[in-house]
Amino acid sequence: MQEKLYFDCDYMAGAHPEVLQALIDTNLTKRVGYGCDDYTAEAREVIRRVCNAPEAEVYFLVGGTQTNATVIDGVLAHHEGVLTAESGHINVHESGAIEATGHKVLTLPSYDGKVRAEDVDKYIRNFYADDTYEHMVAPGMLYISFPTEYGTVYSLAELEALSSVCHSHNIPMYIDGARLGYGLAAEDGDVTIEDIARLSDVFYIGGTKVGALFGEAVVVTNTKLLRHFFPLVKQHGALLAKGSLLGIQFSALFKDDLYFRIGREAVSKAMRIRDAFAAKGYEVVGNSPTNQQFFRLPNDVVDRLLHHASFEMWGPRGESESVVRFVTSWSTTDEEVEKLISLL
Amino acid sequence: MQEKLYFDCDYMAGAHPEVLQALIDTNLTKRVGYGCDDYTAEAREVIRRVCNAPEAEVYFLVGGTQTNATVIDGVLAHHEGVLTAESGHINVHESGAIEATGHKVLTLPSYDGKVRAEDVDKYIRNFYADDTYEHMVAPGMLYISFPTEYGTVYSLAELEALSSVCHSHNIPMYIDGARLGYGLAAEDGDVTIEDIARLSDVFYIGGTKVGALFGEAVVVTNTKLLRHFFPLVKQHGALLAKGSLLGIQFSALFKDDLYFRIGREAVSKAMRIRDAFAAKGYEVVGNSPTNQQFFRLPNDVVDRLLHHASFEMWGPRGESESVVRFVTSWSTTDEEVEKLISLL
Amino acid sequence: MQEKLYFDCDYMAGAHPEVLQALIDTNLTKRVGYGCDDYTAEAREVIRRVCNAPEAEVYFLVGGTQTNATVIDGVLAHHEGVLTAESGHINVHESGAIEATGHKVLTLPSYDGKVRAEDVDKYIRNFYADDTYEHMVAPGMLYISFPTEYGTVYSLAELEALSSVCHSHNIPMYIDGARLGYGLAAEDGDVTIEDIARLSDVFYIGGTKVGALFGEAVVVTNTKLLRHFFPLVKQHGALLAKGSLLGIQFSALFKDDLYFRIGREAVSKAMRIRDAFAAKGYEVVGNSPTNQQFFRLPNDVVDRLLHHASFEMWGPRGESESVVRFVTSWSTTDEEVEKLISLL
Amino acid sequence: MQEKLYFDCDYMAGAHPEVLQALIDTNLTKRVGYGCDDYTAEAREVIRRVCNAPEAEVYFLVGGTQTNATVIDGVLAHHEGVLTAESGHINVHESGAIEATGHKVLTLPSYDGKVRAEDVDKYIRNFYADDTYEHMVAPGMLYISFPTEYGTVYSLAELEALSSVCHSHNIPMYIDGARLGYGLAAEDGDVTIEDIARLSDVFYIGGTKVGALFGEAVVVTNTKLLRHFFPLVKQHGALLAKGSLLGIQFSALFKDDLYFRIGREAVSKAMRIRDAFAAKGYEVVGNSPTNQQFFRLPNDVVDRLLHHASFEMWGPRGESESVVRFVTSWSTTDEEVEKLISLL
């Protein structure tokens, strides 16, 4: 264990040891490039099986921003934009990657990071009710994140409502699963990866934050979308020469349910941290049931903790109190959790 | 050794064992994201030293197409395009990634993959001599690859002439070093990495094909260029969350001259293969002094070899003879070379 | 006069007769293309003189959306976006033209269509105070419209405050003057075209809505901006082959103060309409001092008026009342105004 | 007549008097914007009738570069480029407008400005025969100009062959008709506007160079293409606020066959000029049957003519001889032709 405790985010270490071992085991075996190899083919098959989506197309990209930009650019027509919560990652923290592909990000109110089906419905109805709608950017798809940027998750009923409203308006629903493993393990959550596959048109299974060195698996269940995705991936600079590295890692992630184990263990550690802060009387902000936890702390507590631990200020430092974020991951140890709690 | 011999390309295995070991050694150490970590800082310093370019800015990206698109988009003004040999990778094999950023690829004659300084000069002079030049795409930078797509390398004199003509016309010269390690080890080559740094305005040191799992190090020696490169990298989806993985690998690549050793050994193996084909009376096409070798073979020889070895058809199969490519890399073993030669 | 009264917008007829006459007078005179002709040179000179901006660069484009997209694309760096009121034309009614050039539109609160200097200041300060700002789109310029989409105008003091805050943060201020002539004639307005030129870095003088058949004159007073604007205009498809038509029209518009006369007369008619509605007890919405007037009317009044007049529903029809817009222009006659008033 | 003779190009004067008269006649009649007016509806109907294409969609844009960029961007998928003769306007003289929309221009050999059906066929066959085709830009449509940039025209048989090869490969054929009127009047030409409509998937009827102040009519005969063209036109800044001006002009152009008369008369004048030069023993270059004529002249003749006439140098001035271009149009008078001939 490093002397300092690191809870800044869930991409602070390399790969889960089982994933790294798979890379080590295959390191010297030669294979063809660009994901045309057998490892990748096998990973595709595994993912189709896990998602209960035997017809789905599966592609492996390197990172989240890249995946969002490539998928969204591929799905939208020129005159269309993507609906998202105002707090959505694509609207805030991707340096304008979506707009750089020529598309507007259309914002909906954010409720702890989530959008509401009725807001989606209202937006689309109002849009087409406006006489000048052809002078405005058409809502061409819905982007949601699961879990959201605030650690919250949709219930199955909420996901079904969103899916239903999208399909009633004939726009696809895309789920950003950068932290999918942690979302599926949410406390009191009722959503499975099969639900995600069934209710979305396209989604991705995040590897970078959930055990891989890097990598995101795009699952296209509505195969009318993204028909020429391979050259688009290449054009976006998102095609890894050694594509096999992605296949190898994702096969490892779904071997013996590793992906789900990682999720459960990290969330369980996050819950212990949350409970410890709550027990000390600190306000739990937003009440996230996943691996990101937000607390409002007096500034002197913040400063004291910063001597021993690294974590993120969530927004600007307040006058007397500040909101902070602690994140667990597959690389968070029990020892680290205990030590953090002992510092409170 | 796998049963079949693989000579298709130089990105068929994982990472050089010394690079992989560095990843293993650091795997569980936590560090901040996006290349703001100490490993990356160290790798930047190492590269500045190796290149004798103490003032250079160094950035780490994931792959070659991505790097080309991000650098070229960052350097060019809206009305400018990039000059390249007709055979340049950016003009042929990147699925239109440069055009997708809004810029035209302007082509020059290719001489075994190389451009000539006088052609660059003539292009630019003719351009500005045309009354309608503001209706045409201005040549805004020069792209060359070292070595080229045909395995050839520029001599120091040729590089100096290109650099000189670019600077006389006030356009930057960019060198795609996807296979730089192999180019620097070219038989009878006289160019060093310090020359590359001194004569170009920006170049990249290829990791993917020269020992890393993935990764390219962009070295900006003309620091007036690419002033806001970080958000541009993010916008292009080219910012690796676990940026430290790039720093760790590049530090390993330049420890004990590994990068140069890889180059020399792979080229030496390629020379043995070339000499063996030549000794058998087969035509060596293009006479590349680096790790890519091209031969014209009777089709029955091609077919016989294909039973035991994997390699690339270079262009369409001819009626009785075809041109093929054999590529060595850090992962090519002496045993494989011997076995291939024994098949001739 | 047509039987029906048209108050929908300010681009419902051809050109002001004096402008049309200039086109008729020059119709058969041959001249070179693309604005390199003498008419255009003269119009540039006239505009520099009228604006008291002897060093300004002047370009003529065809329409407003095109002008906004070309100017904003030309000013911004890749990682930058444009600040605007949420209600700004570029954010609402240009079909995503700004995003299609790769840039995000960054929104500020709208106060009757206007932005406040303190909001601009706060946005920029907060942006750079955020540790992750390089992952977000940087505010690279300010866009305001004069008058705004709601007919309102900035006071001189407000413009000076905006200009000052922009320059203190080193970002340019761009003024969309699609209806500039009407804005300069605002009731109780205190802003002159010289002020516009002095306080902005680039602005455009709208022709389409203020007497021309079409055309917008871009005035670049901060000549460090937009250095290669001509090829950019061509690239955006905004370079008129018969560029002289723009020069001819703008010279006519500024002959004998026509542009300002048009503004004053149309605003005076709008004031008469406003006063007549107010006298009848109808609510004047927003209290615009320019050629666009907004009223809240009982639906039966709306329906009655629609039998005789054409005007725009401003937002959705309400249950019992609706907001409507009436617009005057150079083509609005006294007779039309009288007839409309008589209908109340 | 101006003192100097102008033969530089076919957009040197305003509008044909019959077109201008239509604008004068309608100038004060109010109508709705953006081409939703009755004039535009009528013009659409007229064009459908003239083209014998009752189902075609017709749109009116302002200029040629804009039209090419908007149509091509609308037709192509992300991974596709546009095939054209190397000499095609979109490849040479549009400041990179096509690439600015993200698409590569793919070049074919030019035979006096024309492409050959067999070259199109070969390009597409070779493309898909290449194993790496998904790393290259797919040929997604064919662009040809009628007449070409060299004044040449395709025969009906050639057009049919091109149309056939395109459809056999399932890519649309797009005809740039910037000078369509002059092409249809080509000496010994056998192509009608109905053939153009029948054999292409989309084409445009040039107004700017053939009698209008400005304007191009896009005719989409393959209505599976460009389904959301209106907002795309707006997004490209190509939607004229006073769209009616385009409808009015095109109705005038097709009233009493004006468009065809303009073509015939201008070509007839060009033929007289050609014959006069030939009779004097000067080399006619390229033998264009339309309104653009190219001659190789001794430099002293060039210089002598330049005292009295304005025309274009076609490429750089040679040592003793130079190639020049003379262009006629609707605005060329018999008197001007006589005077030019008398100067020889």
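By letter and in written order, the chains are A, B, C and D; residue numbering begins at 1 in each of them.
The working rule: contacts are C-beta pairs under 8 Å (C-beta built on N, C-alpha and C of every residue); 3 or more make two chains touch, one makes a residue touch a chain.
Keep in mind it's a predicted model, so treat the numbers as computed, not measured.
Novice: What chains, if any, are shared contacts of chain A and chain B?
Specialist: The shared contacts of chain A and chain B, listed by label, come to C, D.
Novice: Tell me which chain's centre, taken as the mean of its C-alpha atoms, is farthest from chain D.
Specialist: A
Novice: Report which interface contains more C-beta contacts, comparing C-D against A-C.
Specialist: Of the two interfaces, C-D and A-C, more C-beta pairs touch across C-D.
Novice: Please work out the Cα centroid separation of chain A and chain C, and write it as a whole number of Å.
Specialist: Computed value for the inter-centroid distance: 42 Å.
Novice: Roughly how far is chain B from chain C, going centre to centre by Cα mean, in whole Å?
Specialist: Roughly 50 Å, centre to centre.
Novice: So what's the Cα centroid distance for chain C and chain D, whole Å?
Specialist: 33
Novice: Please list all residues of chain D that touch 2 or more other chains.
Specialist: 78-79, 94-96, 100, 102, 134-135, 231-232, 234-235
Novice: For the complex, give me every residue of chain A touching chain D.
Specialist: So the residues of chain A touching chain D come out as 73-74, 77-79, 102, 134-135, 138, 228, 230-232, 234-235.
Novice: Show which residues of chain C lie in contact with chain A when the two form their complex.
Specialist: Per the touch definition, chain C meets chain A at residues 78-79, 81, 92-96, 99-105, 126, 129-132, 134-137, 313, 316.
Novice: Taking the touch rule as given, give the residues of chain B at its contact with chain A in the complex, in rising order.
Specialist: 2, 6, 8-9, 11-15, 17, 20, 23-24, 26-33, 62-67, 69-70, 94-97, 100, 208-209, 213-214, 231-232, 234-242, 245, 310, 331
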